[in-house]
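Below is the structure I would like to discuss, written out as structure tokens.
Chain lettering (A, B, C, D and E) follows the sequence in which the chains are written, and residue indices restart at 1 in each chain.
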Amino acid sequence: MAKLNWFYFAAPNTFYPLAGKMIPWFTAAALGLAAIGLYIGFFVAPTDFQQGEGYRIIFVHVPTAWMSMFLYVVMAFWAAIGLAFNTRLSSMMAQAIAPTGALMTFLALWTGSLWGKPMWGAWWVWDARLTSELILLFLYIGFMALQASIDDPRRADRAGAVLAIVGVINVPIIYFSVQWWNTLHQGASVSITRSPSMATTMLWGMLVMALAFWMYSIAVVLVRVRAIILERERNTDWVRDLKARGAAK
Amino acid sequence: MLEAVNLECVRGERRLFRDVGFALAEGTLLEVVGPNGSGKTSLLRMVCGLLMPAAGEILWRGQGIRRLAEEYRGQLTYLGHHNAIKDDLSGVENLLFSETMAGGEATQKSAREALSRFGLAGFEDLPTRVLSQGQKRRVGLARLAFRARCRLWVLDEPFVALDVKAVRMIADLVANQVDSGGIVLLTTHQEVDVPVRNRQTLRLGHA
Amino acid sequence: MGSVDAFKALVRRDLLLAMRRRADVLTTLIFFVIVVSLFPLGVGPELETLREIAPGVVWVAALLASMLALGRLFSSDYADGTLEQMVLAPQPLGLLVGAKIVAHWLVSGLPLVLIAPVLGIQYDMSWEALGILMLSLAIGTPVLGLIGAVGAALTLGLRGGGVLVSLLVLPLYIPVLIFGAGAVDAAATGTGAGAHLSLLGAFLAVSLFFAPWAAALGLRISLE
Amino acid sequence: MGSVDAFKALVRRDLLLAMRRRADVLTTLIFFVIVVSLFPLGVGPELETLREIAPGVVWVAALLASMLALGRLFSSDYADGTLEQMVLAPQPLGLLVGAKIVAHWLVSGLPLVLIAPVLGIQYDMSWEALGILMLSLAIGTPVLGLIGAVGAALTLGLRGGGVLVSLLVLPLYIPVLIFGAGAVDAAATGTGAGAHLSLLGAFLAVSLFFAPWAAALGLRISLE
Amino acid sequence: MLEAVNLECVRGERRLFRDVGFALAEGTLLEVVGPNGSGKTSLLRMVCGLLMPAAGEILWRGQGIRRLAEEYRGQLTYLGHHNAIKDDLSGVENLLFSETMAGGEATQKSAREALSRFGLAGFEDLPTRVLSQGQKRRVGLARLAFRARCRLWVLDEPFVALDVKAVRMIADLVANQVDSGGIVLLTTHQEVDVPVRNRQTLRLGHA
């Protein structure tokens, strides 16, 4: 039964309205969580005795850094599915995720370097984590550039997929770079196996913000995937029907 | 033996054709005709497995060609708009290389013979870069001399740039292959008479 | 059997083509030499600074030279239709791609490895560092070729592909650069290059295993 | 009159083509960014060394990026026969070549000039040095394009032309590099960049005058 | 009006022809025929000034074409093996550009009309990259619609890749140009009847 459902929604024409219904919920969730997270971050969490007020940037930095890696994996996953099973929708998902992933990576880099100035005395250092995060940004850009320079959407999907899959190797490098090389950058303080090593309020703030970014990403990706569906399927009957109905309204 | 079922071809936003099908027994020539842009090249590339059809299927001896992969490709000889020869190599070198690639066996001697049969005596050792348009086409076509074993030939406008004599000779070669049990798919805009027993014609576009 | 023959024939053909145009072999090399020699011009002549930046400069130059050479890997076969025939040949495409990469490295990678020590001397590098430089290049340049083949296959026939390919492969080249230059640096400062070199070796093994097939997939996609 | 129209039409066409493939414009730029960013990876992260080599690195990167972009200057027009038609057009060929160079610089040179300061910041350059960096690139990159056009014209259609062209143009690029990087260096050390910049200006004037005609001649030769 | 005197063509070490000459008055069609590799393309490129003859001279209205330079080129329309169109531009954009280059005046409207006369209605705004072989050739040929003013057309195998209808229409266009006083040089391996009053034939090679 569940399987049947999946196939049902794997078709762009059924997924399109479903996505339309989901968007407002995720948007609302993103706004709500962000409000809570920021409240915790700015008013509840105590001033750090080492880093002063500046550390509050962590509430943006860490969630975006997490999202940047996570979104890449998701993108590669959908791209691989599209390549293997020739399912249109999964390739469209991959294409829709890329810009958000790039944005998250950029934000992580930017907030990181804003923070680096007071902490390390430089906007940028060539540390392993920073470098691999920068590579991640280039991978996103490369993915988008490759797709943009191929006109045939099917070829673009498939070529992009190969690149995305090859690039996955970078994600574990980013994540473990702080363990493999001793660097300036902070090691993981949240992990599944150990108990967290930071103040509970800070942790909560971060987790809530992470969830907010999650919701935001889902909402944006859905909006974008809807646009892509319309663009690619504009010659199919159901899109024509949709337009006709839209015009009639 | 070669079957196409309900093929549909979509390029960009244009549907070139749909529900195209044919079934070719051994020893048949299929002439694909139609005006410019009707999808002949696209159809031929689908048959080779270079282009994925938007819908439909191509079967060789009852099995999908994607699945057969190397087994099918061993039976196939394709000649497209390009000659697939290296400019910097001589005719002989080109021929020897392409035969090894195709898993066949050619020798210096047989390659030279083939080339001179194709009217290139005296040009065998020149880099093909300096050959004329029609001579290059001949070098590309010369590989057909070694491909009698391939049961399926797919030829996209083989007569382009050839002079009258060469056209005649290629037409005869094709006829020979068909009559000895091969299947040949062919497009051309010129009126060339290929004297075979079994022939089918597939019309694309509204000519 | 036929596959092995095809592999050998392809390597031989590509080497033959390279010999027909000897300029080709020479020019990758000369590009490398020129880039390395440009730096002292841009940076200024202090020997100390030079010695410090030498491993980085040589490695960056090797990387750029390999990247430029990528343009020649598939494009001429693509333009004249030979690639189509390769895809249609009854041989595993990954194997054929492997053959092309081997020939490509012999023509454009090996010469860099051999000339590097001569350039290193310009920067006043020690003998030991020179040895490690050669070794690291000998392990590293094939990796560049293998990764590059994937990028080259994906961008085949795209306008501006030449520059697009750099965008795609450079991110993946960066680790090779870091460990390659790192190995030489370590040798120069006497901290031991072993760890760096074995990481490079691991890259080589992984890319040797995956890259030909990924590139073959890329070629099929590009030919559609 | 007709000639001016042809000039404008050609510039417009080339810009249009670039816009059709926006990836093209972006990628030269990104190549530049990546090369500049590679160096710290190879050389190591000490800010002091970096600051010292910054002008050289940025200029070498600009030079390499311009050189790579040369491949696109005439080759596509050559391959599809448009160049033949340009040679046969009843317009002075030098003028048409000039138009192509102008369009080429707008697409591949100007973006480098604009992004350079951002990269300079990575290397911790001072504001003044950044200003001179932009200025020197703004004068220098057109020179690179003009000289490069001559090389590109001469190597047209030769296999391995992409690398051969670097061999031809690099010797002529070197003075540009020296004075370009020199100007920035002078600004950074406070000795005044005026002399360097005016020499660059002189290069620009000379090459603006001669290069289009030399390139036109080269094209005629290559087409024979 | 167009005269060639004692032309000799040497490619590599091969002398393709020598002592070739002709004199064409206004309103003449010159068909250059010969087998593959006999030097037809080489001759045509000499007439355009793209290839320097090993010996001999080409005169336009009594003056050497090298000397006339731009003046001669203003009278000339050449169509070679290549179509000279940009893949990324649409048919209309290509046509407009090539006209401005040739010093002519074409408008959006006239370019569209020309393209639809050449059977490309509906394809005017597609990038030519996606067109079929024959459609690309048509875009290349469409410039002829604007070149009635050029007194000399040099066409190297214009019919290649065209379907029957298109061949007919180009043949008529050429005939028209010749009968209204133009000079046309033409090669082709197909048997196409170009209905003109004055025609000369130049045979190269020993066909």
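Please note the rule applied: a residue touches a chain if its C-beta (ideal position, glycine included) is under 8 Å from a C-beta of that chain, and two chains touch if they have at least 3 such contacts.
Remember, predicted model here, so these are calculated numbers, not experimental data.
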Shortest hop count from chain C to chain E along touching chains? 2
For the two copies chain B and chain E, what rotation in degrees overlays their C-alpha atoms? Round to the nearest 5. 180
More Cb-Cb contact pairs, comparing D-E against A-D, go to D-E
If you average the CA coordinates per chain, which chain's centre is most distant from that of chain A? E
So which chain is farthest from chain D, going by the mean of the CA atoms in each chain? B
Just give me the whole-number Å value for how far the CA centre of chain B lies from that of chain C. 37
Chain C and chain D, separation of their C-alpha mean positions in angstrom: 25
Averaging over Cα atoms per chain, report the distance between chain A and chain B in Å. 48
Of all residues in chain D, the ones touching two or more other chains: 21, 23-24, 27, 30, 34, 41, 44, 76, 159
Chain B: which residues touch two or more other chains? 12, 52, 81, 87-88
Any chance you could list the residues of chain A touching two or more other chains? 131, 138, 141, 145, 149, 151-152, 154
Touch list for chain C against partner chain D, complex: 21, 23-24, 27-28, 30-31, 34-35, 38-39, 41-44, 49, 52-53, 55-57, 59-60, 63-64, 68-69, 71-72, 76, 158-160, 162-164, 166-167, 170, 174, 177-178, 181, 185
Listed in rising order, the residues of chain A that touch chain D in the complex are 122-127, 131, 134, 138, 141, 145, 148-149
Residues on chain C engaged by chain B in the complex (per definition of touch): 2, 5-6, 9-10, 13, 16-17, 20-21, 76, 80-82, 84-92, 96, 223-224
With touch defined as at the start, can you tell me which chain B residues reach chain C in the complex? 48-52, 70-71, 73-74, 76, 78, 80-89, 93, 97-98, 100-103, 127
Quick check on the complex: what are the chain C residues that touch chain A? 150-151, 154-155, 158-161, 164, 167-168, 170-172, 174-175, 178, 210, 214, 217-218, 221-222, 224
